[in-house]
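Look at the two complexes coming up: chain A is in both, with chain B in one and chain C in the other.
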Partner chain A sequence: MSLIETLARMEAVATGRAAPLATVRHRHLSEQPLVFVPLTTAGEAGAPLGALVGTDREKPALLAVPQPRNRDLRFAFLAELAESLLPYVDGFADVVEWEERKETDPETGKKVPVQVELCADAPQLIVPSAAGIDFVRLLGRSMRFRRTAEQEPEAPYPAPPHVPLLGRWFTHFGERARVPGASLLLSMTGLLTRHWATGQSLLEDQHLGALLAWIDPPARHPTSTPRRQRSAPALQGVSGRAAAERAESARDADGRLLCPPAGPATDPAFDNRLLAPAMARFDAGVPGAEDEIHGLIESQLRPTWDAVWHGIDLLRGLPPGARVADRWKRDRWSYTAHRDRVRAGEPPQPRRDDAVTAAQKLASRETAQAQLDAQEALDDPLVMAGRRLAGEALEGTVTAVEMAFSEGRRPMPRPLVTLRTADRTPLPERAKLYRALPDGKTQTAEFVAYAAEEPGALVVRLTGGMGRGRTPEPGSVPEPDDAVCWTLFEHAPRGGPELPDPEDTPWTHGGPPGATGAPEDTPDTATAEDFL
Partner chain B sequence: MLGSRYAQRTAYSFDPAAEAAAATDAILHDTLHGERRGVVVDSPPGAGKSTLVVRAARELAAAGRPLMVVAQTNAQVDDLVLRLAEKDPRLPVGRLHSSEPGAFDPALAELPAVRTSAKAADLAGMDIVVSTAAKWAYTKVDEPWRHAIVDEAYQMRSDALLTVAGLFERALFVGDPGQLDPFSVVGADQWAGLSYDPSSSAVSTLLAHNPDLPQHRLPVSWRLPASAAPLVSAAFYPYTPFRSGTDHGDRRLAFGVPSDGSGVDRVLDEAAESGWGLLELPARHTPRTDPEAVRAVALVVGRLLARGGAATSEHSPDPAPLTAARIAVGTAHRDQAAAVRTALAELGVTEVAVDTANRLQGREFDVTVVLHPLSGRPDATAFHLETGRLCVLASRHRHACIVVCRAGVADLLDEHPSTEPVQLGVTVKFPDGWEANHAVLAHLSEHRVPWRP
Partner chain C sequence: MSVPDARLPRVNAFRDSRHAAAPPAEQPAPSPGLRRSLTALRGAGVRPRSLDARALAALAANPGCRRRALLDGAGIDKGALAQALGSPATYGQSQFAFVRGNSFEARVKADGGADLLRLLHERLRPGTPPPEPAAVATPDLSAAGPEGRAARTALALREATAAGGWALLDHPMLAVEVAGSPAYVEPDAVVVHPDGGWTVVEIKSFPMIDGVADAAKVGAAARQAAVYVLALETVAGHVAARTGREVRVRDRVLLVCPKDFSNLPTAAPVDVRKQLATTRRQLARLTRVEEIAAALPPGTTFDLRLTDDGRATRPPEELTAAVEAVGAAYAPECLAACELAFHCRKRAREDGAVEALGRGVRGELGGLHTIEEVLAAATGADVPAADTPTTDTAAPDDPAVHALRRAAALRAEALAAAADRSQEAECR
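For the complex of A and B:
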């Protein structure tokens, strides 16, 4: 945890209210996100119990499995889920814009510009918590290798139509969610903890109800008794801490949590006291038992559903960061690329990545992380303050500018800028510095020395961002009294080197996939068949 | 348990030079005449890894087999080129570098047989071409090199090897398995257990796919003194023990100025006498850049220089003065290193290397002063417990190592046992950081000087 986040958490403890970690919203929030609140069956990996799905906060679709151990009912649920989700996911596929991209011409081997489709918008799934993202991955894995009757007419137990397709999309969303800053699939707890710091632990922040209670505590508890209300705090609303405690533990007369877990795990007390007896009645064929289970599951889902939308409201109150759209565009590329793979009839994503794909994914995520860290700081003075506190950036006022030129055949402007700063950023010798120019470009500079006569003053030499001419372009050299912010980190870090094609995987990494002797796919001798 | 490992001491006669020579001969034989595509050499700290790389490179070149050398940092590459040129000033060596200004050590320009370039094509025909893995990854060759040497292979990530492995047919992989493992700033759990997990070390991927490659290890540390090798070997290399090349009494550290009786001077005397010193500050939870501990580190360095230290070793019969260039300060975090540098500058001390464990890897000094990674912390995270971090910090010295630490680290360790999840298919590394930390702490406590700033 960074120092500034620790400070924010201490502030939250002291005031009883969450403290802001950001002044802008650092993730894209769709106009029309799809909220997906799943529940799973305790003790049965990959057996969904129910879900609320939809883009309309007033009218979620309730899907429920009255007996999750019944595979037919489970498949009926997955088919229904596909029916309610895929129209939304596909709904963005046909509205496209054109982008120019450089591609290698297969005949000449040269890079030539080509026009390619880019979807104008993309779907956005929001689940309540990080565990919900894992559950999306699990569902994706369990669905994408299924075969429908159309694909394999002879095979027994065909999957309902669209189920494999939903599995592939869920897998894609789950993988994309591992890319730092990506927004196709987001968890509400992740979104809220990025923008606010609470006075509880990171683990406790995974409880959506408690987290919201810190950020936006209710004006007063709707059901609290007068005895518990103290006069003064009641006027200002309850403290976040008290509201969080209540969110975690308060139960109604039936013993149900007022704020059930955000899923996919359920409250054990609910399972034992209410759900298990209702399922027993369903198994026994008692009339009305199915409706009863639907009602019970909805009672557990609805508070979380409302909480997710409450979170969306809070986040919409923040203006988006300037570079958020840039990152969303990458999500749109990702969506478009997967749409194309599905349309081209490519097989589902493999069970495991091969060596080259794994290395590629890791490299692109590391680049995305570096870009995200830089962009968030540039978009948000509060985040930049954290970087300054961590000794990775400094802000100061220009006190003097002295023109100078580089040596060599073509002297280039290398002005020396003196600035005064109160930041105590340790600068290594000849440290490379970066500054965002108003036109969005980055200016580079080099740390020269601390000014001898004046504490807190230092000299940097501008080394770029001034155009190609002998005189710097107007506005590219700061002037005295300008406030400038230099960072020690790059603003647009580059990606890594090109990797070999999978069929050229070297001997150190087992050779091309599928080659003999590869240790990864030794058959499991203990299990007769393995569909996952 | 540690005691019993110490008990293995010289029951039989041990000739370090002969043992090391035999190991080197076997490695060179496998490299030059072996049938296999790879040879792996594990080297404990200061066991002559660089000497081995230089020798293997020269012998391959002499046999008319040009080779590429892959190191991990520019400093390592420059150091290798300088060593090669020192051994044989007429050997044609190419230094492939990035196109950034100041990409290589200007001293290389003085060497007559060394050619530097940012393009591999300019270096065609050189016997040996040396560069970093990052630069090699952008290089394309028509015909792969027949030989390569991969230096610091345990610090290289599997995905970095993937980008360069297509450039060579066979390779000698040399590295220290006890130092810091490579890491990733983003999660890589999804590939844990796969043989080619891109975030694991190059050697673990190589051996997972080629388990029958010949593996060697260098048995003697020439750097670590007899006072340090048993502890470092037992704490960090429990199943591959090594010995020091020198014996007790071969090296001596003495001061011209007698002790003033302060805690700082007493810990210096203790370290000069025994090779280890622990300056223990009162227990306290502090920020990372604990001002008192930072000041204590600076004072220790200041007194080391002010008291006119002199080091006698097997290199020469006359004592050599302990200069600032022969002293290093090691920390866990960069901001701690920056704070120590500032504190040293206030004392007027310059030229002392102050850096994090990552950057001190592979370097050697007479005396090191270490700010303990767990000093003043309220918790012990996986980062601070990492075995390699402590191993690097405790194995850079030829004479003595002085650790500055807040009291209470043993209790802190007991409150924070390792909680890393066990991943299927991943070889569990021994020892874990928790055990290694305890082993080192137990040894240091015998050389403890309490001090109240």
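For the complex of A and C:
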């Protein structure tokens, strides 16, 4: 946690309300996101208990498994899930725009421009918490290697149609969620903690109800039980804290948490006192037991469902950052690419990435992280303030500009700019500096020297972003009294050198793919007994 | 073994002071004076709770907490104490997870542990002759009380090691010294190899999917297993002395988990040398219970004065005072590991302690301990170093205060700029 964030948390403690960590929204929020609130059976890896799914906050679809230990009921749940999710995911596949991309021509070996399809928009899944993202991955893994009756008529226990396809999409979403800044699959706690600092620890922020209680505390508790608070006089208004503590542990007359865990794990007390007896009644064939279980599961899901939408409302109140659309475009590329793989009938994603793929994924995630860090800082003065505090950027006022030219046959403009700054950024000799120009381009410069006569003043030499002519393009050189912000980090970091193709990768690094590479998409063994 | 009589893992309340009168020579024993004072802390007639390996691992993760060391060392029921203090713990175990864990363990140990030994041989002893299922000794370890069971376990280990064959000890009982008083821990199984090596087996019900399990859960299991290895080493010393054979407690334990999404077992060796070193060091660092108990005001007790139907009749104010008499080291991580954490958190928040926001927060704050102090320093309202006169232009000496002021100024500037921008946007 950076010092600025620590300070924001302490402000939140003092005021009793969450403090902003960002002044703009740093993640894309779809016009029509699909919210998915899953629940799982405690102690079981592959036994979902229920879910609320949908794009309409008033009409979520409730899916529930009355007995998770029954394979047929689990399959029925997954089939229903595929039915309610796949139309949404596929709904973005056919509206496309055309983009030009350079591709290597296989015959001539030259780079030639080609027109490729790019989906105009992409689906966006929102789950309540980080554990929800892991659960999407887990469901993806459990479904994508299944075989339907159509694929393998002979195999026993075929999966319902579309279930393997949903598994592949879930795997794709889960994998994409590991790319920093990607927004195909987001968790509400992740979104909210990015934009607000609460007066509690990061660990406690994982509770969605408590997190929301700090950001937007309810006006008054419905039950007006006077709480004994021994608050220090300096700390006014404990509403956020009181609301968060209530969200964590308050229970109703039945012993149910008013704000159940955001899943996929359930509250153990709910399992033991309500769910287990109801399941026993279902197993015994008591009429109405199934409806009772549906009601119980909905009672645990609905508060979280409402909380996720509440969070979406709060986030929509923030203006989007200028570079968010750029990152969303990469998500659209990712969606389009997976759409193409599914259409081409490629096999499901392997169980484990081979060495070459893993290295490529890691490299691309590192680049994405560097780009995200740079873009967030450029979009948001509050994030930039953190970088300035860390000595990675400096902001100042221009006091003088002196025209100068480079030496050589074609002298280029290299103006010297003197600025005054309060930032005490340690600058090595000839440090490279970057500045965002109003038109979105980046200007480079290098640090020359600290001005001797004035503390806090320094001279930089502009080295680019001024066009090709002998005179700089208008607006590309700052003028006295302009406020400028220089960063020590690149604005569009590219990552390391490109990795070789798999065929050219030496065997020491996992390539080339030999004949031994057995197909990794063999289904999980299905046993006659339901070993769960 | 069938499901109903599968022994429950982590069953508590083994330590019974009646049996402690004649401990076997190999067990660490508390001094009579300490035992008396711990009984007084618990309250007359209250049975002590046993420390399980999970609690030990949690205790070792926060060795600076004197409160936890004392309460655990005295065998006090922290859950009931927290309830009586008005800040009950919220966690528990779902019976679904419990049943699943038990049925999985029963499956692994079925048929005299044939599956278990097959996995152990595959993962740890490839290339050696596999154990014949019929030739594996499974000694009966039942005895009265934890001391009796620990003595029985020590005897069985000695016999099995002397016999030089394979042996599977199902739920043995081991003693380990914690802060000067003995605690009894119960591994899921211990396997004796023909060469005299001993391996701890840990059976967990979280899945191993495509050969990979959740790293946090494996870490917790490894810390727990390290406690067992540590406890076994004491016994190994005695057995080696008696039998004259070299006894080695293997530092690679076998972790048995369900494979993928099924209930069929798979296993992986886990190297616990690091956890072992950590646990050993942390346990050594734990302030001795004796010293903590001696520093308490005379007459301090945590007796809840329970009625017959289990209600606490002790006034919460008295209990609070007793709990406050011994210092705690609260961090948000406690919430997942200690029953008393909600009480400690309440106090930490009321005191405005910076640790309530996270363990790492303190690092950048120098000598500032409360949120109030930090905010005052950040706004420049009150410079803590009162003896050195500071002017407005000169930065205070403390680099932490300086960094805080800079951070506060930068933050305020950015927020003001953003507010201006949004106002402009509204005007347009």
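The rule we apply is simple: the second predicted complex is superposed on the first by the 492 of 532 C-alpha atoms of A that agree within 3 Å, B and C clash if a C-alpha of one lies under 4 Å from a C-alpha of the other, contacts with A are read in each partner's own complex, and residues count from 1 in each chain.
The rule we apply is simple: a contact is a pair of C-beta atoms (placed from the backbone, for glycine too) under 8 Å apart; a residue touches a chain by one contact, two chains touch by 3 or more.
Since we're looking at a predicted model, the values are computed, not measured.
Look at A:W507: by the touch rule set out above, it reaches chain B but stays clear of chain C.
Applying the stated contact rule after C-alpha superposition, one finds that A:V95 touches neither chain B nor chain C. Of the two partner chains, both chain B and chain C are touched by A:R352.
In the superposed model, A:L499 makes contact with chain B only, not with chain C. Judged by the touch definition given at the top, the superposed model places A:E366 against chain B, while chain C stays out of reach.
Within the superposed three-chain model, A:E44 lies in touch with chain C and out of touch with chain B [touch as defined at top].
Of the two partner chains placed by superposition, only chain B is touched by A:R178; chain C is not.
Chain A is touched at more residues by one of its partners, and among chain B and chain C that partner is C. Shared contact residues on chain A (touching chain B in one structure, chain C in the other): 3, 352. Contact residues of chain C toward chain A in the complex are 88, 90-101, 205-207, 209-212, 258, 260-264, 332-333, 335-336, 342, 349-350, 352, 354, 356-358, 360-361, 364-365, 371-372, 374-375, 378, 403-404, 406-408, 410-411, 413-415, 417-418, 421-422, 425. By the touch criterion given at the top, residues 1, 3-4, 6-11, 13-14, 20, 23-24, 41-46, 138, 141-142, 199-204, 230-232, 234-235, 241, 248-249, 266, 268-269, 271-272, 276, 319, 351-352, 380-382, 384-386, 388-389, 524, 527, 531-532 of chain A touch chain C in their complex. Of all residues in chain A, those touching chain B in their complex are 3, 178, 180, 352-356, 358-359, 361-363, 365-366, 368-370, 390-391, 426, 430, 496-500, 504-511, 518-520.
Touching chain A in their complex are the following residues of chain B: 37-38, 102, 134, 137-138, 158-159, 161-163, 165-166, 184-188, 190-191, 194-199, 202, 205-206, 208-210, 287, 334-335, 338-339, 341-342.
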